[in-house]
Amino acid sequence: MIKLENVSKSYKGGTNTAALQNANIDIGKGEFVFLVGPSGSGKSTFIRLLNKEEDPSDGRIFVAGKDIGQLSSWKVPYLRRNIGCIFQDFKLLEKRTVAENVAFALEVIGRPRSVITKQVPAILELVGLADKVDSFPTQLSGGEQQRVSIARAFVNRPLILLADEPTGNLDPTTSVGIMRLLDRINRTGTTVVMATHDRGIVDTMRRRVVELDKGTIVRDQAQGVYE
Amino acid sequence: MIKLENVSKSYKGGTNTAALQNANIDIGKGEFVFLVGPSGSGKSTFIRLLNKEEDPSDGRIFVAGKDIGQLSSWKVPYLRRNIGCIFQDFKLLEKRTVAENVAFALEVIGRPRSVITKQVPAILELVGLADKVDSFPTQLSGGEQQRVSIARAFVNRPLILLADEPTGNLDPTTSVGIMRLLDRINRTGTTVVMATHDRGIVDTMRRRVVELDKGTIVRDQAQGVYE
Amino acid sequence: MALKISYMLKETGTNLVRRISLTIAAILTISISLALFGSSLLARDGVANATQRWEGGIEFVVWMNPEADADQDAAIRRSIEESPAVASSTYVSQEEAFEEFREMFADSPELIEAVEASDLPPSYRVVPTDPDADVVVELGSQFRNQPGVRDVVFASEAIKDIQLQANRISNGLLWVSIALLIASALLILNTIVVAIGARRQEIEVMKLVGASNWFIRLPFMLEGLVHGLIGAGFAVLAMWGVRNWVIDGFSRSQSLALLEGLKVNNAELINRSLWVLAIGVAVGIVGSAFAVSTKLDV
Amino acid sequence: MALKISYMLKETGTNLVRRISLTIAAILTISISLALFGSSLLARDGVANATQRWEGGIEFVVWMNPEADADQDAAIRRSIEESPAVASSTYVSQEEAFEEFREMFADSPELIEAVEASDLPPSYRVVPTDPDADVVVELGSQFRNQPGVRDVVFASEAIKDIQLQANRISNGLLWVSIALLIASALLILNTIVVAIGARRQEIEVMKLVGASNWFIRLPFMLEGLVHGLIGAGFAVLAMWGVRNWVIDGFSRSQSLALLEGLKVNNAELINRSLWVLAIGVAVGIVGSAFAVSTKLDV
């Protein structure tokens, strides 16, 4: 599903050392991968490369069998329709209700209204927010907001779900709920790549762990632990 | 140093239940207080009230013996000069170097250049960034960025330091470093109030713990643990 | 697809309303700049029409003595008509001269009252084949000393002066309106930049979920187009007002008889209106396209 | 304190440069609007000067027959001078009339050539005590049938018409420039709003560390002030240009002799320039103060 070949990334005007160095990895369909490593080790960079938010300085990246380096810029949106993204800060639109936030993701890719009215309630049911459809983000707890953002990322049934520290803003109990939800989504066959530094989660879940340090992959362990 | 009398806070257009309900607390000079509680329990609200970023819906708040509800709006900046703030997302200015970011805090309150050129290197020495004065925020690790933000908050030697999940973005090892620094600052007599949901930190430090739940103070324990 | 179009229109409307003060400023500036621009075009048309009746027309006038006898008159007429250097000539009788005098100096009725047809000399208005000033003067001077001729006057100077003044005004208007057009384009650009800034979050989400580039861009470009179109619409209204009240007002005026020929017909007005609309649309699209392409790195 | 001032100036400069296209748009719009505004003021001054020589002046003219004898002339002169309804009167001899004719119709040298002093009748220009039109006509008509009088002509119509046209132009300019002034204020407001938006992060930090409200506000207000001042500066330059080239050009023009009196002296120009500067500064301050007070809830 995801394959990196000798990928390096250095930011212009950034540090001298590369944010990602010579990364090689192969992630199969339906896998669940934790990216761990200290701050600045390149976890977010890794995720942004998959999404083509950034382009690698060197090397090639394949997503769903396609070399995304070859993708012309107008095709990038179509790549992104296959990739859902979740962030620490939710990135919800405050002026829109829960249902509208989720519907927005379908509207802006031109899905017909009939599809929207069917899929939005279904996905909100899945993430357990069926009773909050008309609430605004500020009226929700952090855990509920993150569920909305997962619903938005998943409503289009992407092949891959990328999560950059999705529990960074949440307390331990709420985090567990979010992880259960991601696990459920993963079981439907969706590949999940999640950057985190929550030791408890990694150690409990026991999934594949890729550890980065100063941009280098220093560990790639099936059913691993935080360190 | 800080005293809340029957303080309640509900946001306009927010939930029906108040973000903070009938809070009473007394925090002495030089204390170190952890605010814990699940997401949405009112920790950030508590901190914003002390800083007069928000005004309480009800009740009175005393900071350094003064009722800050009585403060006319042009005096608020002078209140804030006695309060340093640290956040999860650092809030550093990307276009300025480390030294400039710290100096900015003194410049904009009209401190003379002679004071600035003396205090900035001193505080950067204190937080352990003497060798990074000319780096830009993007060239630093998360832990280093948080040190800069602590330096900026502390350079004016405030009486109180407020920290809203200062380690939320940091990995466990880096977090320990930041906590050591906050502890050191606390030992100079500065009152520290820190919202967090990092169980490890709270359990290790063993300081006063105030637990919020749905806006109510449900626990106030000296040398407490996370839960 | 129907959803897309309604979405685009809704978004454009929201953008326009959300930054209402910038929308008003942009539309005001573009409509004023285009109104000035269009009016300067109309003024040029009017001046061109007004001076046309002189242009290439009378190049010199041979004034006869009112007392000149028929033989003298016939001799002059013959030498003018037979000269190969003369393209055409017109005889203006005393009555015709008086008629013209009355028209030209309708602003001074006391003078008209004071002058009678018999006070005015008859004249020949002569158009030389070669418009070169030296040749004209040379040719005209030949008649000066012939019997029955009172004087030969070269009229071109006065007309050139009128055209000079008129051109000065309409060129001034043109420069002012070009400066304003630049300001309008900058403004539209900025309106879009601000609109993009205000919707940064939404755009970020749109990019994340895979909205196509045009889907994100189009509402902003439509916004610029609307600014340009509404601004140009007001400008066209102003231009019709200028034609109907200002230019026609001048030409009906009793006092400024010199401006009598200042006329802009409907065909010219429609032509200039279409120009102004086209420029408004172009400025709107160029401003917004530039803003979108630099600020939306999609 | 010295540090503070240098900080303010540095910040203001940075703001102006960082949003250069909006800065240019704001300055362009304000300078054009103020230039039009100032020019319309100058045009009004010029027209006032030009029409002053007529205003309250000649209300009617008693044209004599050139053939009238001395007795007839003396009788008319006496009846004019002795009438209690006449405020003042001037006798214009044939030579004086010819002189005036030459001046007024300098744009038609062929007519000057064609007319001689003896063709023009002498006249009395009479100013009645009561300017009411009916009274003037009543009074003037008394002279019409007296011996030696050729005609009585009421001159006020022509002058009123000239003033009407001139007022129409300068009122039009005034409205256009007021619309542009509103656009300028909106623009300055928006420039500041954008500048505040672009510096949201810095402002957030400034508030956090306890910068005083004025310390945050002042650079933005200075920015608006600079827009207003630079814009007004360009406008004043344009106004001097309008005076020196356009208005003076008209009054020197050979053809539009009617506009001969169109003059704006230095005192008037300086007075108007100061007005324009003051309005520019006011617009800049009001626009930015409004933006700052609504957007910076400090």
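Letters are used for the chains, namely A, B, C and D, taken in the order the chains are written, and counting of residues starts over at 1 for each.
Please note the rule applied: a contact is a pair of C-beta atoms (placed from the backbone, for glycine too) under 8 Å apart; a residue touches a chain by one contact, two chains touch by 3 or more.
Everything numeric here is computed off the predicted structure, so don't read it as measured data.
**Student:** Listed by label, which chains are in contact with chain B and with chain D?
**Tutor:** none
**Student:** Name the chain whose C-alpha centroid is farthest from the C-alpha centroid of chain D.
**Tutor:** Greatest centre separation from chain D goes to chain A.
**Student:** With chain centres defined as C-alpha means, what is the inter-centre distance between chain A and chain C in Å?
**Tutor:** That gives a centre separation of 62 Å.
**Student:** Between chain A and chain D, what is the gap in Å from one C-alpha centre to the other?
**Tutor:** 68
**Student:** Distance between chain A and chain B based on Cα centroids, please, to the nearest Å.
**Tutor:** Each chain reduced to its C-alpha mean, chain A and chain B end up 30 Å apart.
**Student:** Multi-chain contacts only, two chains or more: what residues does chain C have there?
**Tutor:** none
**Student:** Which residue numbers or ranges of chain A touch two or more of the other chains?
**Tutor:** Correct list: empty.
**Student:** Is the way these chains touch best called a line, a ring, a star, complete, or other?
**Tutor:** Shape = ring; chains linked end to end, path closes on itself.
**Student:** Which pairs of chains touch each other?
**Tutor:** So, checking each combination of chains, I get A-B, A-C, B-D, C-D as the touching pairs.
**Student:** Help me check something: in the complex, which residues belonging to chain B touch chain D?
**Tutor:** Interface residues on chain B, with respect to chain D: 51, 73-74, 77-83, 85, 91, 93, 104-105, 107-113, 152-153, 156.
**Student:** In their shared complex, at which residues does chain B touch chain A?
**Tutor:** By the definition above, chain B touches chain A via 11, 13-15, 36-40, 88, 136, 138-143, 165, 168-174, 197, 199.
**Student:** Help me check something: in the complex, which residues belonging to chain C touch chain A?
**Tutor:** 1, 3-4, 7, 201-202, 204-213, 215-216, 298
**Student:** Chain D touches which residues of chain C in the complex?
**Tutor:** 19, 21-22, 24-25, 28-29, 32, 35-36, 61, 63, 97, 101, 104-105, 107-111, 113-115, 119-121, 123, 150-151, 153, 155, 157-159, 161-162, 164-165, 168-169, 172, 176, 179-180, 182-183, 186-187, 189-190, 193-194, 197-198, 245-246, 249-250, 253-256, 258
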